[in-house]
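The structures come next, written out as structure tokens.
The same chain A turns up in both complexes below, where it pairs with chain B and then with chain C.
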Partner chain A sequence: MTDTVQTPTRPAADAPTAPEQQLPTATPAAATPAAAGPASVTPAEDVAAVATAPRRRRVLLHGRGLFGLLLVGGILLLGLFAPLLTPYGPTEQIPGANLLPASGRHLFGTDEVNRDVLTRALYGIRVDVLVVFVAVPLGALLGTAAGTLAALIRPADVAVQRIFDVILAFPPIILAIGVTAILGAGITPIFVVVVAVEIPYFGRLLRSSILTLRELPFVEAAEAIGASRWWILRRHILPNSAEPLFVQLALSMSIAVFLESAMSFLGIGVRPPEPSLGTIIADAVSDLDTAPMQAVGPLLLVTGFVLGFQLIAQAVGARRRI
Partner chain B sequence: MENNGISRRSLLAGLGAGGALLLAACSSAVDEAGSGASAGPTPKAGGTLKVAIPDDLIPKNLFTNSNTAITALIGLVYESLTRYPNDSIEPKPRLAKSWTASADGLSLTLQLRDDVVFHSGRAFTSKDVEFSIKAYADASWHAQGQLQSTAKAVTSVDTTDPHQAVLHFAHPLGNIFDLLDTVFIIDSETVEDIKTGKGFVGTGPFTFKSWTPNSSLVFEKNPKYWQPGRPYLDGVRIGIVPDTNAIAAQLKSGQVDFAEGVSPRDIEELSKDAKKFNKTTLAGAEQQIYVGTNVTAPALGDVRLRQAIAYAIDRDRIISEVFRGNGYATNLPWPKYSVAYDAEKNKRYAYNQAKAKELVAQIGTLPTIPYTYNTALPVYAATAQIVQANLAAVGIKVELEPVDAATFVKQLIGAEFKGIWTTFHSWAQYTPSTLVVSAYPFNALHNASHFTSDDYTSASQAAWKQPDGRSDAAIAEYAKVSDELLEALFLVEIGVIPFQWVSSTRLSGLSYTKRWELDVTNAYLA
Partner chain C sequence: MLRYLVRRVPSAVLVLFLASVLIFAIIRLIPGDPATSLAGSDASPEAVAAIRHDLGLDQSVPSQYLSWIGNVLTLDFGQSYSVGGEITSLVADGFGNTVILTLSALLLAILIAAVVGPIWATTRNHWLESAITVVNTISVALPTFVSGVLLVLLLTVIFPVLPSAGIPPDGMFARLDITAQYLVLPALCLALPVSAVLSRFLAETLRTELRQPYVLTATALGVPRRRLLLRYAMRNALPTTVTVIGLQAGSLLGGAVLVEAIFAWPGIGQLIEQAIGRRDYPVVQVLLLLSVFIFVVIQLLTDVVHALLDPRVRIGGAQ
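Right after this comes the complex of A and B.
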């Protein structure tokens, strides 16, 4: 648990390396926008922006990046096409099919109330998709906004940092138990916890990037020739901070999958009878010796998801360090 | 926790008690239905019984029989005045040797044993009878025993003779022996220690040694016990293991010889290995699984909806799949051996989806009904999900609301459920009137369903005030109560479930009371 939570802080330590790689964007040409106004785009920046995007895409087209992408994409498709892949409904109780072992008809077997476990696992992916692709980006957005605010306005910095401290003081599962005590079990507390857990990571990451970047010569140069604060932020600072944020995003997505599964496993996540990977595993644990596939099947999906996002994060992170 | 377990086990395994042991193993599971010890080879004195249970002790709830730590402690340390055999409600002597009831049913004279001493060394007298009944009715306890209305109806106790207690009643009490079976005799000098958990002094076969919260309870043999030669065991050591899978694992690995709280499926698996494990079905100490309804919640005030729920539930499926065939479906709370049991009445709401759909169609549009259950036991979640599917099939939509055990009990006692709920109730294994004047879900004056009806109240009071709880007149009153329950249907019964215990075949002579209290007076280890 502790290891997983601490992992995302690693890219933050890498953050200072980012501006050096991105320095070409801060060529003298980029430092002459005052006359043209904030809306204009200089040719040099254009080139840099265009060059970054394909390079980021390329890291996902070979090696571990590709493997990660395939894992995530494959599981995503399984969840998306669940209704086409199985003849049963996720909450359908099949008459007479009580605790059947894994077979050709029921690949993961059936559970104690006669539901097909494979079907439930496939539909369970959808909860994770929602958390991964809605809650995590929302947390990232709020976190970067708070980080920007903290870096730019000194009084806000004190307040924001202390709020981050409070959130980080709670291990995610303890925070989840607290939130569930207030909101009750269900998808909403998972959503709230994931968003809350992500905000400080993104906030701190961006704040430290901004503090480093704004001391660099090209920012000073831009200020010297009269560029507005907002323009510098938009054209220099945010683009240069984007890459560590992307690494963090992939890492956070893997943590979100883990967090959803852990919460559901503890019975404070998705409400029965709706399926989620965590609840299926929790239900199957008591029968591990007689029906192992009931737990192993969904566990493979969770592992694939977490591993996929971790590999993507590592691939992107490694490219930045070259 | 179990430092010397392995060496003792290997030693005993070395003794090779073999064939004789096996014989005891085969017979004990069947024989346990009686209250006495099972027949077996010559009992062997000595040894400490190691036990695993899922709950920790809550001293202030001692009178409630509400968890496995409490029932184990009561069974080991304390004794009641009379005791029912597990399969009937005909009282047998325990601390009271004999009794005579007055003709008007307003008093009962108990002759007490004169050879009983408390663990502290003090002799047991009629004053202790008076003190214990008053303590049971005392409102200052955190949670009172559910039979407090009966205890309060005992207006005075004549203690002139130390070995004779004369109980006087406000009105005839058809269920007085339920009270005498339930109230255990406590020591007046150390009663404050009970509330803090510091000490528990009774007259039972074992003395309380120590309690380490969330860890263990230790008991030692009572050398001054009034039954000669008992108990056989030197002591009992109970480990508190909250995880039911871990309890099953401890049993499998031989760390403990007896466990409570094992899931029905683990029991099914373990009892397949008859050489190693015995299953004890607590016949006569049943609980009932049910769907309660808050009749003041939206739509549930309409009895047709409650009837539709009763018709829609596939009780046989729940018994066979969730409880692994241990139990039987019912429409009324009474177990089959109860004087109030009526096979015909019990079929009134047999599984009938067509009828349920018809009733739902008559009512029209229904809101989504909240359905609360306790997450402490997996059987509740499984039952609730099957009921949910059953109800959905006839057009009644419910939303599951899992809550933790403490919240659930609070909502049950405080009658705070928003719609329907599922849990177990008990007390139907006793005199039928006890259920309707005592149990939280049934109490005519205040129940978890917010149900009130003059007919139900008068029927339950009339049944309660019968001088003899087993007379024909009383049985006629129970029939009226049954009719009221079926008509009003504020509580939809699913089935009668006897609890099950698992023990290793090393242990013989395991027994229990009608309230699941652990009785190892005659138990011994091979």
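Right after this comes the complex of A and C.
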């Protein structure tokens, strides 16, 4: 398989900080900049930096990249076109349809208060869309900014690093419980948790990316001919960090879907009667023996969503090391 | 080694201190006054003031923090609002169950990875490799509560061979075969993503090692392939793999919250979930601090073991 692995010599090279530099989930698909950086900045590839975008698109057009794209795209469309796909409303109670098993009329059956589970699942996707495309980019932006700050301003480095350490010391679900203690259950704590969890990932990624890149000859050359810091950041650092950032973004999106549904599953996320895939699954657990489709349908959607983003991350992450 | 510890321990302590301040602040930020809610709605101002004094809420914020952290450090966690008992004994009960669950899961995950990793790294069978890849990718992606519900559906509803939830009625150590029946589903569910990440990492590292020049030399000298893989490559793959095991062990605690909710396993995760539901904030506070403490200690241990296994790390640390 082609996912990033730090070569065993690397931890020695950057001594005791090496474990900290690995992404904390240790998801192997995550391109750690330490391993990925040097490969990306051969002179030829720097010259061809403009060509990065088309090639990335191509990697998503076959194999697992395409499969991931189809999964994510398909589920997104199901969520967006939910009103067209189902005659019922997400909280509509259908007379006489109590705990019906899966059938042609109700593909996932109906729940104990006569609602169509498929409809609720389709509308439940919408919360994830919000979290994935609003909260994750926001966390990525804040993290990237913090990482840049840490790499460029030495006094800020220690403070920012310790903040990352403290956030990372909370396992995400535990952090979610702490945040819910203050804010109460709902969509707001989900947003806060997803943003907070993403900040150190992106911050560390960009920080070590900058630290690696600025030692390289072409950055030195740019400095020598008098390029400004900002220009180097924009022209050299960010384009060369774009791909690990993209991989991390896709991974973070899969984590965000997981966090939203897990929080809702535990009852500290989306509040009923608003639909969320997590709450539907939690409700369905008690009726597993009579109406398994109520749980299995939403389970497939959550898994497809998480898997899709991970496949995209793997496909993009794998290409850069060929 | 001592110098390495001197460098590494203070940063762990600092993180713990900052986290404890944050957790203390969380409880202060919660809207509402605990004294008023404890006293009830029609209590006299004097009664509220008395409770306020009992809880130490009339002192300054730093001294409140100091007395709280002092109590926590001496394992006096205070009283639970909702259950009314000592939090210390509640936590002690749950902690044992969680340790049994997470350690079994970790052990299971390491076992799976130790078998799958080397096979995956060396197989020349295209079908086997594809099968491992697919199963592995799905295992990484499968959220804990999804695999949990699927396992319950498969092994307790469709094929009712295992108990679906709870712990052995006669205690954990009364009959180990019964304990195993109750333990296998939650442990498997918790172990699945960890084992997937570990096997992938191990396979990848072994593949990298097997491409190294020393392997070529050893092959030329006639070292058997099995010995090459299990003695030479494995030994070099171990330090980084230990780091990944440590990081994954830290993540087990978060997963345990979900697994305990699904399988009604009365551990720390279930306790914290119930405490949130009942707004029992002293319990939440203690459990948050406990999980951060465990996480930081596991990370520290991981780094220490890594340093022990890889002399380059501790020599680098001594410089």
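To be clear about the criterion, the second predicted complex is superposed on the first by the 273 of 322 C-alpha atoms of A that agree within 3 Å, B and C clash if a C-alpha of one lies under 4 Å from a C-alpha of the other, contacts with A are read in each partner's own complex, and residues count from 1 in each chain.
By our rule, a contact is a pair of C-beta atoms (placed from the backbone, for glycine too) under 8 Å apart; a residue touches a chain by one contact, two chains touch by 3 or more.
In this text the structure is predicted, and so the values were computed from the model without any measurement.
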| item | value |
| --- | --- |
| Partner chain(s) touched by A:Asn114 [first = chain B, second = chain C, both, neither] | first |
| Partner chain in contact with A:Pro171 - chain B first, chain C second, else both or neither | second |
| Chain B versus chain C as contact partner of A:Pro217, first or second or both or neither | neither |
| Which of chain B and chain C A:Arg271 touches, first, second, both or neither | first |
| Partner chain(s) touched by A:Gly226 [first = chain B, second = chain C, both, neither] | neither |
| Which superposed partner A:Val285 touches (first chain B, second chain C, both, neither) | both |
| Greater residue coverage of chain A in the superposed arrangement, chain B or chain C | C |
| Which of chain B and chain C A:Pro87 touches, first, second, both or neither | neither |
| Chain C-contacting residues of chain A that also contact chain B | 267, 285, 289 |
| Sites on chain C touched by chain A in the complex | 4, 7-8, 11, 14-16, 18-19, 22-23, 26-27, 29-30, 120, 133, 137-138, 140-146, 149-150, 152-153, 157, 197, 200-201, 203-205, 208-209, 236-237, 239-240, 243-244, 246-248, 250-251, 253-255, 257-258, 261-262, 272-273, 276-277, 281, 284, 288, 291-292, 295-296, 299, 302-303, 306-307, 310, 312-313, 316-317, 319 |
| Complex interface listing, chain B residues touching chain A | 244-245, 263, 265-266, 269, 321-322, 375, 378, 381-382, 384-386, 388-389, 399-402 |
| Chain A - residues contacting chain B, complex | 91, 93, 98-99, 112-114, 184-185, 267, 271-273, 283, 285-287, 289-290 |
| In the complex with chain C, residue positions of chain A that touch it | 1, 3, 5-8, 11-12, 15-16, 18-19, 22, 24-29, 64, 162, 165-166, 169-174, 177-178, 180-182, 254, 258, 261-262, 265-268, 278, 281, 284-285, 288-289, 292, 295-296, 299, 302-303, 306-307, 310-311, 314 |
